[in-house]
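Below are two complexes that have subunit A in common, paired first with subunit B and then with subunit C.
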Partner chain A sequence: MATITAETLQHIAALARLGLSPAQCAHYAEECAHILAFVEQLNGVDTTGITPMDHADHLETVWREDRLAPSTQADAILEGAPEREHRFFIVPQVIA
Partner chain B sequence: MSRIRTLQKQLAAGTLTSVALTERYLARIREYNPGLHAYLHTAEAFALELAHRADERRRNDRDVTPLTGIPLSIKDVMHVHGLPTTCASKILEHFHPTYHATTVARLLDAGAVILGKTNMDEFAMGASNEHSAYGAVRNPWDPARIPGGSSGGSAAAVSADLCVASLGSDTGGSIRQPAAFCGIVGLKPTYGRVSRYGLVAFASSLDQIGPMTQSVEDAALILQQIAGHDPADSTARNIPVPDFSARLGDEIAGVRIGIPEEYFGEGIDAPVEATVRTAIAHLESLGATTVKIHLPHTRYAVPCYYIIAPAEASANLARYDGVRFGHRAAARGNLHDLYCASRSEGFGPEVTRRIMIGTYVLSSGYYDAYYKKAQQVRTLIARDFAEAFTQVDVICTPTTPHVAFRAGERLDDPLQMYLADICTSSCNLAGLPGISVPCGVNADGMPIGLQLLGRPMDEVTLLQVAYAYEQSTSWHRHHPPHYGIGA
Partner chain C sequence: MTTAYEAIIGLEVHAQLLTTSKLFCGCSTAFGAPPNSNICPVCTGQPGALPVLNQRAVEFAIRAGLALHCRIAPVSLFARKNYFYPDLPKGYQISQYDQPLCLGGHLDISCDGEAKRITILRIHMEEDAGKSTHDIGQATTSHVDLNRACVPLIEIVSGPDLRSPQEAGQYLRALRAILMYLHICDGNMEEGSLRCDANISIRPKGSTVFGTRTELKNLNSFRFLERALAYEIERQIDVVSAGGTVVQETLLWDEKRGRTLSMRSKEEAHDYRYFPDPDLPPLVVDDAMIGAIRAALPELPEAKMARYTGEFGLSAYDARVLTSEKALATFFEHAVTAHRAPKKIANWITTELLGRLNARGESFESLRITPPQLAGLVALVDEGTISGKMAKQVFDTMYATGEAPQAIIAREGLSQVSDSAALETMIDELLATQSAQVAAYRQGKTNLFGFFVGQIMKKTAGRANPALVNALLRKKLEEE
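After this line comes the complex of A and B, so read on.
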């Protein structure tokens, strides 16, 4: 069965930009191990030479004319920002 | 006559107005929604304004469609400009979209009335609707039970007649499974049939919008309006849209129906299996030919789905950063801390779990073992169906392995919850159309669904067979008690 150490889980949480407490990490490590053990039954399928399917069939390149068209107004989008100034989203200082 | 056709007749005759009909539905929602929690937002003023416009449109005899003046609800995962979209998540608690989803725009163009947004599992992840951040939905047939998920609010609302029909979304069964649990019709169209523009993305290679209705004909009428190419979604195929009602009422003599043995037996409750087998015998009595088929990779569909869907979700949900829209944590240090705090405060446990699984299976060192492997198995599942459809026209299975379970029963066991998708997820993996129609009840009176799967882009045959079944049985006329339906 898959085991996920607290350390691995911390790493995954950091990749996913999730801030989890040590107790949450332990909880999710156990649950994720169960789920991974379940999905690992796919190892019983011989997939030698099988092309991976990354989408439902029939995908094709779609062409369209390069034409100007109205878009959502920036002001309306900025309305939804939790913090903004003029026409900018505000984030914590990035460069010290 | 279907519910929409009946109402259209009354609207056309002038014995009913859309305003009166809408007021009636708003009153029903006020009365019954506190107990069911099917709606997250009711839009009274918005709905009445649309109803007024629909009545005016009819008075002027201008562009009247089968949906003009008909009150519908929309799962809270699709954008209706002017109403909030929360996806039943705290992270989108105060989010207002700046545009309509294409499906919504098309319903509004047809003159439909939108009553409000329906409850769901957070970001459409769940099989019971208990993962809504705003409280669970109850099953109208038995409030101690779940309505299914993730489109459980839509299913409960249609079942209890708190709207004429609803739009849901289906990634691994989220239209068909709650439709079966609530005794209504749920149609997941072929991947690419309906635009996903304005549908908040969960798993982009699997998500599809479809109608949830009181009858098969109503599903055809709504699909007619929402289907077709959309320049805003490059996966919405640019091919002609057929008349989905064209073969409703046609005989099904000669139609070949595949019965995959893998969907019966182990893992399927005996009363569900018996009821579905009775339904199959009924289809035979209507002249259909049944053919035993094999879909050998069926048992791998759920594990395959629970790698691919979380993987895509982990990428799609990266956009919730607490910067541009949605919840932003108050406490913070640097930008990384802001992301982590906003996301962990905003996402509920099931969404967190799936983001973690998805990130894990896509991470360096695990990608080939999990994600690529699942994509290869997905190919094999799709091939099983392609092979089967050389012998048969539609495939018939149970929609769910059991009836709606009791609230709380599976909440602590994510794997048990995932197994509710055992009959539905392969359809999404292969990109096929699927429909669930009511086909009976168990000893407790809980509804059972019959699932029909079709060839890609052949919703017409699917609807023909579903309609033939429905119209020659009486299950679609069964309604949950205590909601004054038909009174």
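After this line comes the complex of A and C, so read on.
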């Protein structure tokens, strides 16, 4: 069965901006291992001659004409921000 | 650079496409709008909002692909590039990854008079991020403007074929010219419509393996690009010469300090976990669409160069200079339409016009002379109304004021005396008062000819048509 080390799990959690305690880490490592084991069954399927699938549905390209449809919701979106100033969204300093 | 090493450089160029609306929504792409005025649920990543692809953006990307001799993939995929940054509202950027729209092309550049073919590995489509500003207001906050979020870009990735900062500069110039010829990007590096990152490594000359590369960001002018690359090549050579090894890292060019700075990004930052975007079906382009775009491609610099040297008989150098920018080529062609003297007009443009622009550091866009005006000036010389010397004087005024040459000539009384009757009278008077010199000339002192010409020029304040004066004088001196 596939295993997931605590380091791998911490790495994935950091990429997803999740803070996990060591206990949670152990718990999710085990859960993830089960999920991987489930997915691994697919490796046993013979896919010779089958085109790899990129999408769940069979839509082809949906086009939009290059025309303005100015948003009427800019102000509403701004108002939803926890902090703003002069129409800017304010976030904690990114670069020191 | 010491001769023991050579530099290996590849460029990644992001070009903003000149569409009216964004890549996946109907918001405006206009630069300079008030912060966060061109934003909607799609480009700010509101739950449930769905992207719909802008057809013109795809057409523009295909235009670039065809012009750069790429293969256009009949099916390509949009993928999510996942990372967290405040100016990326969805937490991922919609880009293309393992199945881009355009693959395997090339761009021919000229460096020190030699042609060199640079590989284009791929061109893919993606959306731009928003803009973060870190230096206004409090030191503990950053300001985010999402107007630019979701603006369509293409990323053009070159092969590791460039060997010097100068070659990299030539490549970027040639690429910018083509994008502008195609009308798909305004090429404005200051406003960020064209941005450039570089991958760079060094290796001992003769070696065929690549050294460890660094990535240079923030090379947003030709000057920055060439300076940053030159600095980074020296830095890597110093590291290796001192027995060290180059560390793979991302570096920012700091123009003020003239050096590169490590971005010290966390290693997690490069794990983007790409996967196909489930909100966007595969991008399928058929032969009819590609054919229509190919048929509508404008004449590109290479083809123009061939035409200028062939049809117009220009030198390769002049043809290259004139085709280096679309605006310049258009100016030249309009002028030639007005007065069919391509070599003379080319000469005026490459020497007088570009010479002045360069000397004053002015841009071609700020030029006040129009193509018909320049053509008019050349025509006036050809007709003998003014001499070549006067034309330069008139040109100076045209350059400064944007006035038509005819108006300047009329106002300043510059027109050449081409009235042969008037000149003949003048010559007769002159010869009558200079009988000794005339006799000497007739006895074989023919080098006195210049003296007579000089006298007539003096009388007419330099306005006499030199060719006519020569002919008339010779006739008079030799007939008696």
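Everything that follows uses one rule, which is that the second predicted complex is superposed on the first by the 88 of 96 C-alpha atoms of A that agree within 3 Å, B and C clash if a C-alpha of one lies under 4 Å from a C-alpha of the other, contacts with A are read in each partner's own complex, and residues count from 1 in each chain.
Keep in mind that, in the parts below, contacts are C-beta pairs under 8 Å (C-beta built on N, C-alpha and C of every residue); 3 or more make two chains touch, one makes a residue touch a chain.
Quick caveat, the model's predicted, so the values are computed rather than measured.
**Student:** Does subunit B (first) or subunit C (second) touch A:55, or do both, or does neither?
**Tutor:** Touch status of A:55: both partners.
**Student:** Going by the touch definition up top, name the partner, subunit B or subunit C, that contacts more of subunit A.
**Tutor:** For subunit A, the partner with the higher number of touched residues is B.
**Student:** Please work out whether A:15 is in contact with subunit B alone, subunit C alone, both, or neither, and reply first, second, both or neither.
**Tutor:** both
**Student:** When the two structures are overlaid on chain A, which partner does A:23 contact: first (subunit B), second (subunit C), both, or neither?
**Tutor:** After superposition on chain A, A:23 lies in contact with neither partner.
**Student:** So in the superposed three-chain picture, is A:89 touching just subunit B, just subunit C, both, or none of them (first/second/both/neither)?
**Tutor:** In the superposition, A:89 contacts both subunit B and subunit C.
**Student:** According to the stated criteria, A:70 is in contact with first (subunit B), second (subunit C), both, or neither; which is it?
**Tutor:** Only subunit C is touched by A:70; subunit B is not.
**Student:** Classify the contacts of A:45 with the two partner chains as first (subunit B alone), second (subunit C alone), both, or neither.
**Tutor:** In the superposition, A:45 touches subunit B alone.
**Student:** Is A:35 touching the first partner subunit B, the second partner subunit C, both, or neither of them?
**Tutor:** first
**Student:** By the touch definition above, which subunit A residues appear in both interfaces, subunit B in one complex and subunit C in the other?
**Tutor:** 14-15, 17, 54-57, 59, 62, 64, 73, 77, 83, 89, 91-94
**Student:** Can you name the residues of subunit B that touch subunit A in the complex?
**Tutor:** Against subunit A, subunit B makes touches at 95-96, 98-99, 191-192, 205-206, 231, 234-235, 237-238, 297, 299-300, 303-304, 306-307, 314, 318, 321-328, 332-341, 343-344, 347, 352-353, 355-360, 363, 370, 372-380, 382, 414-415, 418, 430-431, 456.
**Student:** Could you please specify the touching residues of subunit A with respect to subunit C in the complex?
**Tutor:** 11, 14-15, 17, 54-57, 59-71, 73-74, 77-78, 83, 85-95
**Student:** In their complex, what parts of subunit A are in touch with subunit B?
**Tutor:** 4, 9, 12-20, 28, 31-32, 34-36, 38-43, 45, 47, 50-59, 62, 64, 72-73, 76-77, 79-83, 89, 91-94
**Student:** Which bits of subunit C are touching subunit A when the two form their complex?
**Tutor:** Counting only subunit C, the residues touching subunit A are 19-21, 24-28, 34-41, 44, 46, 52-57, 77, 82, 84-86, 99, 132-134, 137, 139-146, 268, 271, 273, 276, 278, 281-285.
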